[in-house]
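Take a look at the structures listed below.
Look for chain A in each of the two complexes below; its partner is chain B in the first and chain C in the second.
Showing the complex of A and B:
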C-alpha cells in the first residue's frame, strides 16, 4: 500500500509558472476562437498575440521587482528557477517576439499568416523558450528546447515554398541530432553525479574534485555540440544560411535572435561552472570555437551574393562574438552578453524587417534569389529613406559609433581585456573591422551604383504596410538613440546578473 | 553465467548511439535518416533507465519518459514534413535537398 503523498500548495510556488502559462493560454484561446468561428481576419490574431505577450511582459516586470526584493525564487520541487538570468532572458525573448509578430501584417498576402495555427504555434514556441531559460533542470531544458524547436520547424515550413520545406527538413534533421547529443550528454552527467539539476551536478563534481574528468569531458563535448547546433557555432553552422534563406525574412530575423538568447542562457548555466573549475581543456575548446566562429563566418559572409545569406553569416559571427562572454565568465562579460544581444536584436530585426518589406512575390528577370545585392543597387534614387534606414542598420551591425551594436561590442571587448583575455580582445576588434567590409558593400550598392534590374514594376517596398513601417521606425529610433539608455540598461542588467551569482 | 550490471547497459547504449550516429551520417534516404535519429534518442533511454535503477533514483526514468514523448512528437513533425516533401518533389532522397548552396 503506497502512502498518500501530501504536498502543500504553497510549497509548489505556482506563481513561478505565470510567465510561461500566459503565452500557452493565449495559444489555446486563439485555437478555440478558430474552432468557434473560422476565417477571421489575421489582424485579430496578431492583436491577441500582442496582448498576451504584453501581459507576459507585465508579469516579467513584476518578477524583476520581486527578484530585486527577495532574490532567487524556486517552484515546483525546485524545477522552476526564476533568477536574474531567467528574467532578463525572458524579457529579451518576449520583447523580440512583440517586435516580430506585427511583421505578419504585410500588404501582400502570404500563405502562413492566414492560419490561426501560425499564431498558436508562435506562442507555444515562446513558452518553450521561456521554460528553457527559467530552469536548472536538464529535463525541463530539454522539453523547452524541443517544444520551441518543433514549433519553429513548422513555422518555417508554413511559408509554403519549396525552399522553405527544404529549410525545415534541414533544420529538423540538425535539431534531431542536437536533441540526441543533448540527451546523451545529460545521461553521462546523470551517470556521474546521480542528479539532473545543474547546481547539484556542479556540487557533486566539485566534491569529488573532478576525479572522472575524462567522462566529464565527453559529456561536455556532447552538450557543447548540441548547443553549437542551436547557436550555429562553427563547425555546427552548416544549416544556418540555408534555413535563413528558405524561411521568410521576418522569421529568419527572429531565428537569429530569440532561439540564440535562450541557448546562451542555458550555455551560461551549464558551462560557466566548468570553465571556472579549471577544466583547462574546455577553456581551450571554447576559445577555438569562439575565434573560428567569428573569423570564418566573416570570411564566408564576404563572398555571398544574397543579402539574406550575408546576414545569416553575419549573425553566426555575432553569435561567436557573444559566445566569448561564456569563455570569459566574469559578471561584466555576462552582463555585456545580454546588453549586446538587446542592441543586436533591434538592429538585426530591423535589417531583416527591411528585407521583408522589400520582398516581392514574383522575381524579375535575372534575379535568382529573393534579395540579391543587385536588387538594392541604386536604391537611394528611388527610395532615399529606405536606403538611409537600411544603411543605418548596416552601420549599426558593423559596430560604428554611436549606433546600437557598437556599445555592445565596446562592453564586450572591455570585459575581455579586464578578464585577462587580451589576445581575444584583439581578435574581436579585428573581426569587427573585417565585418565592416561586407556591411559597407551593401551600402555601396545602395548609394553608389546604378540600378541593375531594368523593370517598370516596383520591386522595393512592395510589402510595406503601416505596422511594418512602425516596427522599422521603432527599431531605427532605438538604434540611433541607443547611446542615451545604454548605461541605465547596463545597470539594470548587471544588477540582475550579479544578484543571481553569475 | 556472468551477471549483467550497469556497465553492460551503458555499453549497449553507447553502441546503439554509435549506430544511430553512423546512420545519420551515412543514410541517403530521409526516412532512414529519421529512423537513425530515433535509435539515437532511444539508446539514451536504455542508459537512463539502467542508471536510474542503479542509483535508486527516479529522475532518470522520468527523463526517459520525456525523451520517449519528445521522440514521438519529433516523428510526428518529421513525417509531416516528409509527406509534404514527397508530394512536392516525388522523392525522399537526401540528394533532392540541394536547391540552396553557398
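Showing the complex of A and C:
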C-alpha cells in the first residue's frame, strides 16, 4: 500500500502562482467570450488583455513588497522561485506587453488582430515567459520556454503573408533545435548531479570540485547554444533578421525585447555560478561570444537597405552588449543589465512602433520591402514631428546622451570598468561608435535627402490612430526625460538584484 | 542671479521648442529677439562676475543620480566666462545676418538648440553633464551641415559626427575610469570635476587616462593627425555653420584640455608635453603649407584656422600662467577672427556663388568697405601687433619659450608662413585688375552684414589694444589652475616644469603685465 500523499495546502504557497495564473485565466476568458458571441470588435479584446495585464502587474508589485520584507519565496512543490530577478523580469515582461498590445489598434485593418485567438495566444505567451523567469527548475524553465515559443510562432504566422509563414517556420525550426539543445544540456547536468534545480546543481558541482569537467563543459555548451538561439547571439543569430522581416513591425519590436529579457534572467541563473567557478572556460567562451555578437551584428547592420532589418541587427548587437553583464557578473553589472533593458525597451518599442504606423498595405512602385530607407527620405518636409521622434529614437539607440539607452550604456561600461574588464569596456565603447553610423543613416535619409517615391498617396503615418500615437508619445517622453527615472529605477533594481544574491 | 547659468542654458532651448509654433514669416524676428535676450543675459553674467575671484562663480548644484555621483553642477570662472559670452554673441549675429536660407524656420530652431549645447558645455562642472552637452552639440551641427551644406554635405556631416562621436566614447570610458578610481579612493562615486581635482592619481594611471581624454579632445580641436574631418566640414557647411564651428565648437576641445587634462593629470601633462608640442608644431606648419596650396578661399581659412589652433595647444601645454592664459585669450581671439573671416567668405559667396580665388581679383576697387574689413581681419589673423590675436599668440609663445626655446622658434617661423599664405590669398582676391566681368558690379557690404562685421572689427582692435578687461580674469583663474597642478604634481620633473606661484606670484603678474 502506498501511503497517501499528505501535503498541506499551506506549504504549497499557491500564491506564488498568481502572476502566471492571471494571464492564463485572461486567455481562457477571451476564448470563452468568443464561444458565446463571435465577431466582436478587436478593441474589446485589447482592453480585456490590458486589464488582465494590469492585474498581473498589480500582483507583481505586491510580490515586490513581500520580497523586500521576507526575501526569497518558494512555492508549489518548491518549483516556483520568487526572488528579485523573477520580480524584475516579470515586471519588464508585463510592462512591455502592456505597451505592445495597444499597437494592434491600428487605423488600417490587419486581419490577425480581429481573431480573439491572437489575444489568447498573446496572454498564454506572457504566462510562459513568466514561468521561465520565476523558477529554478530546469523542467519548468523548459515548459515555460516552449509554452511561450509555440504561442509566438503562431502569432508570427497569423500575420498571413508568405514572408510571415517563412518566418514562423524558420523560427519554429530553430526554436525546436534550441529546445533539443536545452533538454540535452539539462539531461547531462541531471546525470552529473541528480538534480534539476540550478542551485542544487551548482552546490553538487562545487562539492566535488568539478571533477567531471568534460561533461560539465558539454552540458554548458549545449545550454549556451540553446540560449544563444533565444538571445540571437552570433553564431546562432541567422534566423533573426528574416523572422523580424516576416513579422509585423509591432511584433518584431516585441520579440526584440520580451523573449530576450526572459532568456537573460535564465542565463543569469544558469551561467553566473559557472562564470564565477573559474574552472569552466565559460568566461572565455562568453567573452568571445559577446565581442563577436556586438561587432559582427553592427557590421552587418551597416549594409542593410531595409530599416526593419537594420533594427533587427541592431537588436542583436544590443543583446550582445547586454550579455557582457553576465560575463562580468558583479551586482553592478547585473543591475545594469536590467536598467539597460528597460531603457532599451522603451526606445526600441518606440522605434518599431514608428515603423508600424508607417506601414502601408500596398507598396508603391520601386519599393521592394515594407520599410526601405528610401521610404523615409525627406520625411522632415512632410511630417516634421514624426521625423523628429523617429530621429530621437535613433539617437537614443545610438547611445547619445541624455536619451534613454545612453544611461544603460554608461552603467554597463562603468560596470565593465569596475569589474576589471578594461579592454571589453573599450570594445563596447567603440562598438557604439560603429552603431552610430547606421542609426545616422536613417536620420540622414529623413532630414537631408529629397523624397524618393513619387506618389500621391500617403505612405507615412497611415496607421496612426490615437492609441498608437499615445504609446509613441509615452515612449518619447520616457526617452527624453529618462535621466529623471534612472536614479529611482536603479535603486529599485539594485536592491532586488542584490537581495537575490546576484 | 543665482540660477542665471540654468537660464542661459535652457532659455534658447525652451525658445526653440516654442519656435515650432511661430509662423515661418516671422521666425527670423523671433530668432533675433531670443538670441539678443540671450546675449543680454550673458552680459548680465559678465557684469555679475567678480574678476578678482579665481574660483568658480554662479555655482548651481542639483543631484541627478546621487548613488552614482552624477549631478547637475554648473559654474563659470574666467576661463569659461568669455567663451560663453562669445558663443551667445556669435549666435546672435549669426541669426541676425542669416542670408536667404531655405527652410529658415528649421535653421533658426536648430541654431537655438545648438546654442543650448554650446553654453552647456562651457558651464558644466560635472563630467557626465559635460559629456551630455558635448555629444548633444553634434546633432544640430550634423543637421546644419547635412541639410544646408554643399554638394558633399552628407559625407561631410556624417564624417564630422562619427569622428567626434568615436573620440568622445573613448573619453567616456576615461571618465568612467576616473570616477571608478575616485570611488576606490574615497568610497563614493562622483563625477564632479571639483571633487576630481582633489584626487591625486599615480603616474601610470594618469598616463592612460590622459590618453583616453586626449582622443576625445584632440579630435574635437582637431589636432594633427585627427584633423581630416574639419576641411570637409568647413568646405561643405553653410556660412553660419562654419562660423559657429570655427568660433565656438572647436574651442570645446581646447577648453576641455584646460579644464580636464591639465588639472586632473599634471604629471601626465608634463610627460606628454613634448610629444604634444611636436604634434602642435606639425599642425601649425603642415596645415599652413596646405593652406598655401588651396584654391578655395574658404579652405584657406579653414586650414589657417587649424593652424592657429596649434598655437592654442602649444600655449596650453606650456603649463605656466602666461602660456595657458595666452591660449585661453587666443581662443577668444581665434573665435572672433576666424568667425569673422568665415563670415566674410560667406558674404562674397552669397554674391558670386563661388569661393574659388581665381574667380576674383581686384575686388578692392569694387568693394572697398569689404576689402577694408577683410584686410583688418587678415592682419588680425596673422597676429599683427595691436590686433586681438597678437596678444594671445605672443603670450602662448612666451609661455612655451620657458619650456623649450627651439620649439618656440619653430612655431614662430610657422607664424611667418601664416602671414605669407594669408597675404597671398588677400592679394589674389583683392588686388590687381578686375578680370572677370561678373565682378565689376558687385555690391559692397550691406547694412545687415555691417551689423555683424562692425562689432567684430571693433572687438578685434579693441582687445588688441587694451586686452586687460578680459585678460585679467583669465589669468586669475589660470593661476589657480597652475597652482593646483603644481601642488598635485608627484614627479620631480613635473614639480620643476609647473611653476609654484605662491613664491613667484609677483613675478608672473609683472610678466603678464609686460606682455600687454
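Note that in this section the second predicted complex is superposed on the first by the 501 of 502 C-alpha atoms of A that agree within 3 Å, B and C clash if a C-alpha of one lies under 4 Å from a C-alpha of the other, contacts with A are read in each partner's own complex, and residues count from 1 in each chain.
Rule of thumb we're sticking to: a residue touches a chain if its C-beta (ideal position, glycine included) is under 8 Å from a C-beta of that chain, and two chains touch if they have at least 3 such contacts.
Because the structure is predicted, anything quoted here is derived from the model rather than measured.
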Touched partner set for A:246, first chain B, second chain C, both or neither: first
Which superposed partner A:473 touches (first chain B, second chain C, both, neither): neither
Partner chain in contact with A:186 - chain B first, chain C second, else both or neither: first
Contacts of A:170 with chain B and chain C, given as first, second, both or neither: first
Which of chain B and chain C A:194 touches, first, second, both or neither: first
Touching partner for A:501 - first (chain B), second (chain C), both, neither: neither
Partner chain(s) touched by A:366 [first = chain B, second = chain C, both, neither]: neither
Of chain B, residues touching chain A in the complex: 10, 13, 17, 20-21, 24, 30, 33-34, 37, 40-41, 43-44, 47-48, 51, 55, 57, 59-60, 62-63, 66-67, 70, 73-74, 77-78, 80-82, 84-85, 88-89, 97, 99-100, 102
Residue ranges of chain C in contact with chain A within the complex: 64-68, 106, 128, 131-132, 135-136, 138-139, 142-143, 146-147, 153-154, 157-158, 161-162, 165-166, 169-170, 172-173, 176-177, 179-180, 183
Chain A - residues contacting chain C, complex: 380, 384, 395, 400-402, 410-411, 413-414, 417-418, 422, 425-426, 429-430, 432-433, 436-437, 440, 443-444, 447-449, 483-484, 486-487, 490-491, 494
For the chain A and chain B complex, residues of the former touching the latter: 138-139, 142-143, 146, 150, 153-154, 157, 162-163, 165-170, 172-173, 176-177, 179-180, 183-184, 186-187, 190-191, 194-196, 241-242, 245-246, 304-306, 309
